[in-house]
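In what comes next, subunit A is part of two complexes: it sits with subunit B in the first one and with subunit C in the second one.
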Partner chain A sequence: MDKVAIAGYGITKFTKDDSKIESVLLNSSRNLFRNSPNLTQKDIDAVLVSSNNNSKYLSAILSEISGIQPKIAHTVESLCNSGTNSIVAGYSYIASGLADCVLVSGAERYDSPGQILEWDKFRGEFKHPIFWASIFSKAYKQKYSIKDEDLALVSVKNHKQSINNPNALSQKEYSISDVLNSKKLTDDLRLLDCSRPCTGGASILLTSEEVCKNFTDSPVWITGIGQKTTSASFTKNLTFDNMESTKNAAIRALQMSKHSVADVDVMELHDAFSVCEPMALDSLGMTQEGKGMDMVKEVYETENTKINPRGGIIGSGHPLGATGIAQTIEITQQLQSVAGKRQVDNAKIGLVHNMSAASTSSTVLVLEN
Partner chain B sequence: MDKVAIAGYGITKFTKDDSKIESVLLNSSRNLFRNSPNLTQKDIDAVLVSSNNNSKYLSAILSEISGIQPKIAHTVESLCNSGTNSIVAGYSYIASGLADCVLVSGAERYDSPGQILEWDKFRGEFKHPIFWASIFSKAYKQKYSIKDEDLALVSVKNHKQSINNPNALSQKEYSISDVLNSKKLTDDLRLLDCSRPCTGGASILLTSEEVCKNFTDSPVWITGIGQKTTSASFTKNLTFDNMESTKNAAIRALQMSKHSVADVDVMELHDAFSVCEPMALDSLGMTQEGKGMDMVKEVYETENTKINPRGGIIGSGHPLGATGIAQTIEITQQLQSVAGKRQVDNAKIGLVHNMSAASTSSTVLVLEN
Partner chain C sequence: MNFESELKKGNLVISECIDCKKITWPPSEFCNQCLKETSWRKCSDLGKIIEFSKQNDIYFGIIQFENSIRIMGKIISGNPEVGKTVQVVECGVSDSEYVLKMKVVEE
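Coming up: the complex of A and B.
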């Protein structure tokens, strides 16, 4: 299999703006071109758009307004996991020999229709994923004797880390008591335990090994890919205290990369809600089952930013189609040692974990420089 | 590059039914499983859905209701060209080594939002692609001295051929005068010159060379792929009397397959409107520029069904996300010599041409047995 590089990236601020989806796509792509002075429109063989927006033909529209005439162009959608799915699609176009240079651009508006899963709509007050997150929180707390104030630390940590991310939606620190005293949404979930939908875009340039040197002298390589879909419905999960699809995807990605979890220096995890971060750590195999919260505490107390250095989804905001790409950009910057105040020392191997809808599907990527 | 086979397929009738999109997806997938007695859910590594429907997470939903737990699962959208785009995506997952067995399922409802291109909305009375088709017809007729009654033959031929396609929306023959006397939509377009939106599904099983023998003893191979997007807007076309993206895609696909157009025994062309068939013949290089209508007349008069044997889009109906997959199934059946009354003698090499939005993007596939 050919090697596939991340050879460039561009991102927008994550905001509550009412920008058109086409503008969001254009803005992050334009930033990618600005960051890649040797890249021209003619170099690009494929334009993949990651979005839950209802507009059609967005890949052709982005191509037109960017002056690109690609061979391959289509949208990829798989709810919150769209961004990493589109990166894997781009990877496969290159590894198969159909393309040398793929622009993957994710964008979403704050009012994305992907925030309500019509197939798996919960009864009662909440149309939003808040309901499954609440059940996850209850189950995880019960099984592992974890308290609300423990989970609140995830939000405290990630909001704190997002202050060093100039593109993050949140730019404010919160204390444990701020989280606990924020609006109570359910018995097990408060407002500050939740990520927030927002408007934002993130673009990445994937290339073959052969052409990557034209665009960057510090490529980052995608060395592991694992994906799994277990169902489309929260209620089909076997348990509510771990992430089956994440476990499966992590094993595959690490096998492919020939690394163990112990080798991972820095990671972006899908913390759509506080409980997701320790559950993801458990399910990825970073800790023993139920010990994820201990790991969160340890990194917080030692001021190590290796878990969600950009502030995760809770701190950065959650523009669904852009999230997986923004996570991958963060790990790329970490491995290139250009993450500024967010930089993790000596980061050589990074991991991205993204998922949709109560972890009914997951993607895990391993990146290396 | 690994070889990629078409190792199975299933299709639904194309109708005006009000079926839910999930049912349409399930029905063609179920037919694929019925046609593939050795295939089990566990064999499938990836589930790709091709659709313009606004519902999210359809690949996970189809997986769940079909009992599949794939690695890779996402929707592919690129308007009318979604189906062939999703086949190329499936091809690349296999050729890259990320999957051995991919279920590609296209589905659309008669009321698909993909029928109105918001980005390129025409002024005046028509929101529908009728407007660009009318301009294409006027330009093509003027440039090559072609009359309305000439173009009407495309509709006559394809409606006639669809009678031997049990899944086609149209099951009725029409005469030249029926077409000319059908409702006049614009100066250059009558109702029977137009394909009709409908509800329908089509699924295809793509596999690596290694596993295809588990599922079929008559695989058909995808030996050529060409794709091109020139813009998202009709008005950006360089001319209105040929299809630039189709020309480009055809050259690439034939080069990859190491064949010339003269080798092609049977083809499915994107005849969304009468004029598209002769224009596609010109742009694919099947004839000299402007001679496409002569080729249509010749095959009609000699009762050769090599052009759009299933009745094309005009005869079969146009469920956008399913169309490219239905075209590919037709050519597969032709190369397997199982096309019944539609069978073209001694068909060894087939071609699929699909496109979106006034040919602003095109896909060409070459298939061989």
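Coming up: the complex of A and C.
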């Protein structure tokens, strides 16, 4: 199996702009070409688009407007982890020898249809993501004696970290009391505990080992992949205080990379809501079950930004199809030591955790420099 | 007969495999274990609160019926606690959304 490198990337600012999905795709792809001076359109033999937008054949459209005639072109959609799913698809094309150079581009609009799941009728009148998040928060708080003000720290930390991310939707700091006093959506969720849908794009260039040196002197390698889908319906989660699909995906991603969780220097976690961050830390095995919040507190107090350095999803915004790619770009920049003010010292091994549909599906990637 | 047409009439039904007897949820004409056909039968109107929260003055939660199927709905009376029994007081379809209202059965 061929090794697969991340050999380039481009990203747009995350906004509330009313832009066409095609323009968002093109903008991050143009940035990728700008960042990769030796790359030309004819080098690319696959174009994969990640989006929940209900448009047809976006990969053919992106190829056309960016002057690419790829061998392989199609969309990958799997809600909020479409981005990492498209990276895994690109990886597979390269590892199998079907392609050498894959452009993976994710984009979403602020009004994405991916936020409401028509299939999941047994959420009844409680279809909006704030309801599953409330159930998760309630269950997690109850099981581990955690308070609202504890969970609020996730939002405080990630908003603070997003200040150093020029592409983030949020550029504002908040205090614990700001979070607690923000609009009460349910008894277990405040507005500032939530990530916000937005318009944004992120593109990544995946290549084989042989081809990567044409485009970069500092490739980052995808050395571990784990994925698991347990169901499509939220209520089929067996428990609501941890993420079963994440546990499963993490074990296999780490196994494949031949590392243990303790080796991970920097990570992007899928903090769609405050509770998701400590829960993901537990489920990834970064901490003992129920101790995720202690780890969040510790990194916050020691000003260690290794958890969600770009501000996570809460700080950066959540353009669904672009999120997993944006997370992967952040870890790539960290491992290349080009993350500027967000840089985590001496980062060699990074992890991406991207999930969808109330954690019924998760992807975990391990990256190394 | 199907799940939604019965729910519209106020009946909560579940799909049980004619061969292996497993319950398939979400409801389906075919068993997701052995892929044979299912038949419809009435579901117990007593469920157990798995988890709940509250929006404004309305409690909502995940309720488990017959130790297997789980639905989100409103708990309109009583003091909900995890593990407590609830009884369906109303179910139906409104604006193409499934509606389930329950009350806590105090022991």
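The working rule: the second predicted complex is superposed on the first by the 362 of 369 C-alpha atoms of A that agree within 3 Å, B and C clash if a C-alpha of one lies under 4 Å from a C-alpha of the other, contacts with A are read in each partner's own complex, and residues count from 1 in each chain.
Note that contacts are C-beta pairs under 8 Å (C-beta built on N, C-alpha and C of every residue); 3 or more make two chains touch, one makes a residue touch a chain.
Everything quoted here is computed from the prediction, not taken from an experiment.
Trainee: Counting only touches as set out at the top, which of subunit B and subunit C does A:Lys121 meet: first, second, both, neither?
Mentor: second
Trainee: Just to be sure I read the superposition right, which of the two partners does A:Asp187 touch: subunit B = first, subunit C = second, or both, or neither?
Mentor: Touch status of A:Asp187: second partner only.
Trainee: Mind working out whether A:Ser233 is in touch with subunit B, subunit C, both or neither, as first, second, both or neither?
Mentor: both
Trainee: Contacts for A:Ser134 in the overlay, against subunit B (first) and subunit C (second): which applies, first, second, both or neither?
Mentor: Once the two structures are laid over each other on A, A:Ser134 reaches subunit C alone.
Trainee: Would you sort A:Gln142 into first (subunit B), second (subunit C), both or neither based on which partner it touches?
Mentor: A:Gln142 sits against subunit C, while subunit B stays out of touch.
Trainee: Of the two partners subunit B and subunit C, which one touches more residues belonging to subunit A?
Mentor: Counting residues of subunit A touched by each partner, the higher count goes to B.
Trainee: With both complexes superposed on chain A, which partner does A:Tyr91 reach: first (subunit B), second (subunit C), both or neither?
Mentor: first
Trainee: I'd like to know which partner A:Ser63 touches here: subunit B for first, subunit C for second, both or neither.
Mentor: first
Trainee: With the two structures laid over each other on chain A, which partner does A:Thr75 touch: subunit B (first), subunit C (second), both, or neither?
Mentor: In the superposed model, A:Thr75 contacts subunit B only, not subunit C.
Trainee: Subunit A residues touched by both subunit B and subunit C?
Mentor: On subunit A, the residues that contact subunit B in one structure and subunit C in the other are 233, 236.
Trainee: Under the stated contact criterion, what part of subunit A meets subunit C in this complex?
Mentor: By the definition above, subunit A touches subunit C via 121-127, 131, 134-135, 137-139, 142, 185-189, 233-236, 240.
Trainee: Which of the residues in subunit B end up touching subunit A in this complex?
Mentor: Against subunit A, subunit B makes touches at 1, 22, 47, 52, 54-57, 59-61, 63-64, 69-79, 82, 85-86, 88-89, 91-98, 113-114, 117-119, 225-233, 236, 249, 252, 356-357, 360-361.
Trainee: Across the complex, what residues on subunit C touch subunit A?
Mentor: 25-26, 50-55, 60-62, 70-74, 82, 97-100
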